[in-house]
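Reading through the C-alpha cells given below for one structure.
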Amino acid sequence: MNAAIQKPATREPAARMSAPLVSLDGVGKRFANTVTALEGLDMQVRQGEFLSLLGPSGCGKSTALRLIAGLSEPSAGTIEWNGEQAARRSIGFVFQEPTLMPWASVFGNVHLPLKLAGVGRRQAEPAIAEALEMVGLSSFRDAYPRELSGGMKMRVSIARALVTRPRLLLMDEPFAALDEITRFKLNNDLLEVWRRLGCTIVFVTHSVFESVFLSTRILVFRARPGRVSAELSIDPDQPRDEAYRTSPEYVGLCRETSLALARAMDAQ
Amino acid sequence: MNAAIQKPATREPAARMSAPLVSLDGVGKRFANTVTALEGLDMQVRQGEFLSLLGPSGCGKSTALRLIAGLSEPSAGTIEWNGEQAARRSIGFVFQEPTLMPWASVFGNVHLPLKLAGVGRRQAEPAIAEALEMVGLSSFRDAYPRELSGGMKMRVSIARALVTRPRLLLMDEPFAALDEITRFKLNNDLLEVWRRLGCTIVFVTHSVFESVFLSTRILVFRARPGRVSAELSIDPDQPRDEAYRTSPEYVGLCRETSLALARAMDAQ
Amino acid sequence: METSPLRWLLPVAVMAALVIGWEAIVDLNDLPPYILPSPAQVVETLIADHAVLLQSMLVTLRTTALALTFAVAGGVALALIFASARIVEFSLFPIAVILQVTPVIAIAPLMLIYLSTDTAVLVCAWIVAFFPVLANTTLGLNSVDPNLRDLFRLAGASRWQTLVQLRLPTALPYFLGGLRIAGGLALIGAVVGEIAAGSAGQGSGLAFRIVESAYRLNIPRMFAALLLISLAGILIYAVLSLISWLALRRWHESALANG
Amino acid sequence: METSPLRWLLPVAVMAALVIGWEAIVDLNDLPPYILPSPAQVVETLIADHAVLLQSMLVTLRTTALALTFAVAGGVALALIFASARIVEFSLFPIAVILQVTPVIAIAPLMLIYLSTDTAVLVCAWIVAFFPVLANTTLGLNSVDPNLRDLFRLAGASRWQTLVQLRLPTALPYFLGGLRIAGGLALIGAVVGEIAAGSAGQGSGLAFRIVESAYRLNIPRMFAALLLISLAGILIYAVLSLISWLALRRWHESALANG
Amino acid sequence: APAARAADKVTFGTNWVAQAEHGGFYQAVVDGTYAKYGLDVTIVPGGPQANNRLLLPVGKIDFYMGANMLQAFSSVAEEIPTEVVAAMFQKDPQVLIAHPDVKTFEDLKTRTLFISKEGLASYYQWLVADYGFSESQVKPYTFNAAPFLADENSAMQGYITSEPLAVEKQGGFKPKLFLLADEGFDTYSTTIETRTELVKENPDLVQRFVDASIIGWYNYLYGDNTKANELIKKDNPEMTDEMIAFSIAKMKEYGIVDSGDTRTMGIGAMTDAKMKSFFDKMVAAKVVDGGIDYKKSYTLQFVNKGVGKDLAK
C-alpha cells in the first residue's frame, strides 16, 4: 500500500500555527557500510511543540535525532534552523543508551552539563538535587554507574538532560526501561517541565499510548529507507491528566496512531 | 500498607501443579557498597511455566535473575534446584543490555553459544538463520554491533538466547526497546517457542499488558529491600491470541496486576 | 581524512623542517663534523658507505624481527599464564619485572659463557622488548566486559574458550598498543644486545658500526648509522600501526575514522 | 581474595623456590663465584658492602624517580599535543619514535659536550622511559566512547574540557598501564645512562658498581648490585600497581575484585 | 721556573677510572710539581665509555690522555684539530691473556678470543693482517673476565697492569701474557693530546704541563708515591693497594714507561722513526688509510729534552 502522508482533516491544532524551529528538507543519510538509514526525509520541528517520533525498530529515528542535534551530517538534503537560535545551543539529549561516565558518581554525571557550562559544584547542587529528586534517585547520588540497575542508569541520563533546563530536548526512548508507574510519573513530570519552561521536545518512543498522551504532534516513520509515513496532530490545550487517559478521544487517537504504525510497517 | 502475598482464589491454574524447578528460600543479596538489593525473597520457578517478574525500577528483578542463573551468589538464604537438572546446564539469558561482542558480526554473535558448545559455523548456519529470521535481522547478518540501532542490538541478543533452544530461558526486559508491532510479533513467536520446546521462561518486563498476555504466573516485586509482594496466576491453557488481547478477562487481569503493582510501589 | 594528501604531506613537512633546523644549527654555530655533522654530510656518508651500512642494517633488522617475534610469543604466553588466575599473576609478575629491569649489559658476559653470540644478542633484545607486550596484554585480558564474561559462563564456556573467544579479542587493542611499544624496544634491544654481546667485524650489525665510527671519530658515519636506525624504527612503527588499524578498524574506537 | 594471606605468601614462596633453585644450580655444577655466585655469597657481599652499595642505590633511585617524573610529564604532554588532532599525531609520532629508538649509548658522548653529567644521565633515562607513557596515553585518549563524545559536543564543551573531563579519564587505565611499563624502563634507563654518560668515583650509581665489580671480577658484588636493582624494580612496580588500583578500583574492570 | 702570577687553571681528562696507570699525573698533583710549574690541574677521570675524548676538541678539557696513536691518526683523518705532544708510555700495555697451556703467540689463532669492540677496530685488524688471526674467533670482551675463566680454550685482551691480577686471584692460576708491544704493535701509549690551537698560541703552557707530568712520572715510579696512591684511591674507592703495587711492578717489569729511547731522551720521548714504523704497519693492516698525513698527529716540539732524567733510579 502507499505511504502517502496522512493528514487528519478533523483537527487544526494550535501547534501547527507555531513557527518552525528546524526544517529537514529531503534529508538522506547513508552510512559507510552503504546502509541507507534515511532517504528524502521532510520534517519540521516547531517552536514549543511536543513532537513524538514513532516507527519500527531500525527505521532511523535515532539517526534523525542525531541529525537534528548536529551530531552527524546528512548525506543529502538540508537542515535549516529558522526559529529561536538559542535553542540550537541549548540542547538536552537523552541517548537511547544511558551513556554515563563510569568514573563519575551519579551526582558527577548529572553535574556534567552544568560543569561544562562553568557552574561549580556548590552552585549546581540545588539543580542537581531537584533533577535527582524528580527521577527518584536522591538516595543514590554517590553511587557509581556500575552499581545501578538498568532503569536507574536511564533515569540518571534523564536527570542529566533536564538539569540545564534546555530550550530543545531530544529524547531517545527515555522511559523504555522503566516500570509503568515510574513511567507515568515521569510522563507527568516531563509535561510539567515542558509547560513551565516552554521548551521544545522531540521524543522517540515505541509506545503508542505514551506518544498520544504526551505529544502535540506525532510523526510515524517507515523503514528502509526511513522517512515520514504519517502525521497526527493533537490539541495542545487538551489537559493531559488521568481523565484524558481514559477519555474516548484518547482511545480513538491511540487506535488511529496504531493503525498508522501498522500501515507504515506494511509498507516495507 | 502491608505487602502480603495475594492469591486470587478464583483461579487454579495448571501451572501451579507442575513441579518446582528452582526454589529460592529467604534469599538476600547485599552488595559491597552495602546496598541491599533483595531480602527474604521466597519464590519458585516451576517446570514449564512462563513466569513474569514485574516491579519498580531498581527493585532487584535483574538481581534475582542473575541469582537463578548462578551468576552471583546470594548473601543469605538458599537456592535449590529440584527439577530437571538439565535445565541448569541449558540456560538462555537475555541481559537487560544487549551485551554483544563488538568484534564479531551479527552472525558471529548469534553463533557464539553454539560455537561454545562445539557446533561449527556450517552446522550452526540453519539454526542461526532461523533465529535471525525470527527477529527480522536476516539482512543484517554481516553487520557489526556498532552499525545497528538500539532495538536491532537487542534483537540480536534475543536471537542469541534462542538459538540453542535452551531448557530455561531468562529474559531481562527483552522487548523494551522495540516498537509495538515488532513486540507483538515477538510475543507470539516467544509463546510459540515456549510451547514447542516445552521450556521454562522467566521474563522480566515493565509492561503489565505484556506480562498478562504472555505469562502463566506473575510475581510482583516491591523495592528496598526487594521481595515478592504479590502473585497472580493465569490459566496456561488460555489461548493467547488477538481475541484474548481484547477479552474482558484480559482487561480484568491487567487491572488486577496494575493494582498489585501500584500497591507494591506504595509499600515503599 | 584517510584519503587526504595532508595525512602524508604533513609528516613529511615536519621531517623536512627538522632537517632544515638541524642544518641551520650546524651552519649558524659553525659546528665541526666531529661534534655534529650536517644532514648533507650524513647523507653523503650514507651514500658513500651504503654497502657496509646496509649490510649491517640487515643484520640488525634480522635480530629485531626475531626478537620482536619472540617478545610477542613470550609476552603473550606469559600474559596467558598470568591470566589463568590473579594469584598466578601476583606470584610470577615479580619475576617478569626482574627480567625487565636487569641491565643486559651486566648479564651479557654470563650469557656468553653458555650461549652462542647470536643467541645472546637475541636474548638481550628479547629481554628489552617482551615486557610491554606482557604488561599491556595482561591489562587487556583483565579488562573484559563483566556482562560478556557472565554470558560465557552461562554458555558453559571452558576456560580455554573464554580465553580465546572473549579475553583475547578484548585484549587485542591493548596488545597492539604494547606491540607498537615493543617494536621500537626490540630495535634498541638488538642494538644494545650487539653492544653487550654481539660479534664484531665484517658481518656485524649497526651497533658495531656505531662503536667503530665513534672510536675512529668518524661522526658523520656514526650519524648515518643512527639515521638508519631511526628510519628502521619509523618503518617498524608504521607497519605495526597498519596492522593495528587493519585488526581494529571494524570495531574499536581507537581505529575509527573520526576518532 | 584481597584479604587472603595467599596473595602475599605465594609470591614469596615463588621467590624462595627461585633462590633455592639458583643455589642448587651453583652447588650441583660446582660453579666458581666468578661465573655464578651462590645466593648466600651475594647476600654476604650485600651485607659486607652495604654502605657503598646502598649509597649507589640511592643515587640510581634518585635518577630513576626524576626520569620517571619527567617521562610521565613529557609522555602525557606529548600525548595531549598529539590528541589535539590526528594529523598532529601523524606528523609528530615519527619524531617520538626516533627518540625511542635512538640508542642512548651512542649519543651519550655527544650529550656530554653540552650537558652536565647528571643531566645527561637523566636525559638518557628519560629517553628510555617516556615512550610507553606516550604510546599508551595516546591510545587511551583515542579510545573514547563515541556517545560520550557526542554528549560533550552537545553540551558545548570546549576542546580543553573534553580533554580534561572526558578523554583523560578514559585514558587513565591505559596511561597507568604505560606507567607500569615506564617504571621499570626508567630504572634501566638510569642504569644505562650511568653506563653511557656517568661519571665514576665517589657519588656514582649502581651501574658504576656493576661495571667496576665486573672489571675486578668481584662477581658476587656485581650480583649484589643486580639484586638491589631487581628489588628496586619490584618495589617500583608494586608502588605503581597500588597507585593504579587506587585510581581505578571504583570503576574499571581491570581493577575490580573478581577481574 | 716558578712564577709569581696566579697558576693557570687546566683540566686533564683521563680515559679510565683512576688507577696506577695514571700515577704520574696524580703524583704531579699531590707533590706540587704542577703548582711549581704555575699550573692548577684538575684531573677528570674517564669511565668505561671514552667520553673525555670529544671534550678535548670542544674545549671542555685542555689535555687528554690518549690510549694509543691510532686515535691520533683518526683525528687527523677526521680533521679534528688535536695533536699528541708527549707519550708517557713507550709501550702499549695491551696484552693478550691466555690459559697456561698456550705456548706461543701463534697458538692463539686457534683460541676463542675475547676482544672489546674498540680492540677489534684497532689492534686486532693488525693481528689479522700480520699474524693471520681471524674475526670469526672473536667474542666480545665486556671488561669481565668470567667468560675467559669459564672457557679453557680461550684468551682475552687486557691491560698488563690490571687484568692479570684479577685472573690470578679468581682463576687460581698464573696466566700466560703476550704483550702486543713486544709482538710488534709499537704504538706509543698514554699520550698527552691537546688542541693544535693551544700548541700554537700558548706553547709555554703546553711545555709546562708536559715537563711537570714527566717529572711526576719519574717521582711516581722511583720516589715516594704514597700520597699519589691515596688520591687515586679517593677518586676510585674500588682501588686497592694490592692492585696498585701489582700495576707498578708490571710497568717496571715490562718497561712500559721507562725503556728504550727514554734512557737517553727522558720519559715522554717520541721519535719520527717509531711513528713511521707504526703508521706503516697500520696502513698495511688496513686499519688506517695510507693517504692521511700522519705527521700532523704529533709534534716533537715538547719532548726528548731529558727533563727529569736525573730522577731515575
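Each chain gets a letter, A, B, C, D and E, in the order it is written, and its residues are counted from 1.
Quick note on the criterion: a residue touches a chain if its C-beta (ideal position, glycine included) is under 8 Å from a C-beta of that chain, and two chains touch if they have at least 3 such contacts.
Given the structure is predicted, the values throughout are model-derived calculations rather than measurements.
Steps from subunit A to subunit E, minimised over paths through touching chains, total 2. Relative to subunit B, the most remote chain by averaged C-alpha coordinates is E.
Taking the mean Cα position of each chain as its centre, E sits at the greatest distance from subunit A.
Homomeric contact subunit C/subunit D is classed as same-residue, with over half of its interface positions used by both copies. The leading chain pair by number of C-beta pairs in contact is C-D. Centre to centre, using the average C-alpha position, subunit A and subunit D are separated by 51 Å.
Subunit C and subunit E have centres, each the mean of its CA atoms, that are 40 Å apart. Centre-to-centre separation of subunit C and subunit D, using mean CA positions: 16 Å.
In subunit D, the residues that touch at least two other chains are 35, 105, 109-110, 113, 145, 195, 214, 252. Shown for subunit E are the residues that touch two or more other chains, namely 50, 53-54, 58, 142, 144, 146, 150. Multi-chain contact residues of subunit A (touching two or more other chains): 97. All chain pairs that touch, listed by label, are A-B, A-D, B-C, C-D, C-E, D-E. Contacts from subunit D toward subunit E in the complex involve residues 32-35, 52, 105, 108-110, 112-113, 195-202, 208, 211-217, 219.
Of all the residues in subunit D, the ones that touch subunit C in their complex are 1, 6-7, 10-11, 13-15, 18, 35-36, 86-87, 90-95, 97-98, 100-103, 105-107, 109-110, 113, 131-132, 135-136, 139, 142-146, 173-174, 177-178, 180-181, 184-185, 187-188, 191-192, 195, 207, 210, 214, 222, 225-226, 229-230, 232-234, 237, 252-254, 256, 259. Those residues of subunit E whose C-beta lies close enough to touch subunit D in the complex are 17-18, 45-51, 53-55, 58, 60, 142-146, 149-150, 166-167, 169-171, 234-238. Those residues of subunit A that touch subunit D in the complex are listed here as 66, 69-71, 89, 91, 93, 95, 97, 99, 101-104, 112-113, 115-117, 144-146, 164.
Within the complex, the subunit B residues that touch subunit A are 31, 33, 35, 54-58, 62-63, 96-97, 136, 143, 147-152, 155, 172-173, 176-183, 206-208, 258, 261-262, 265.
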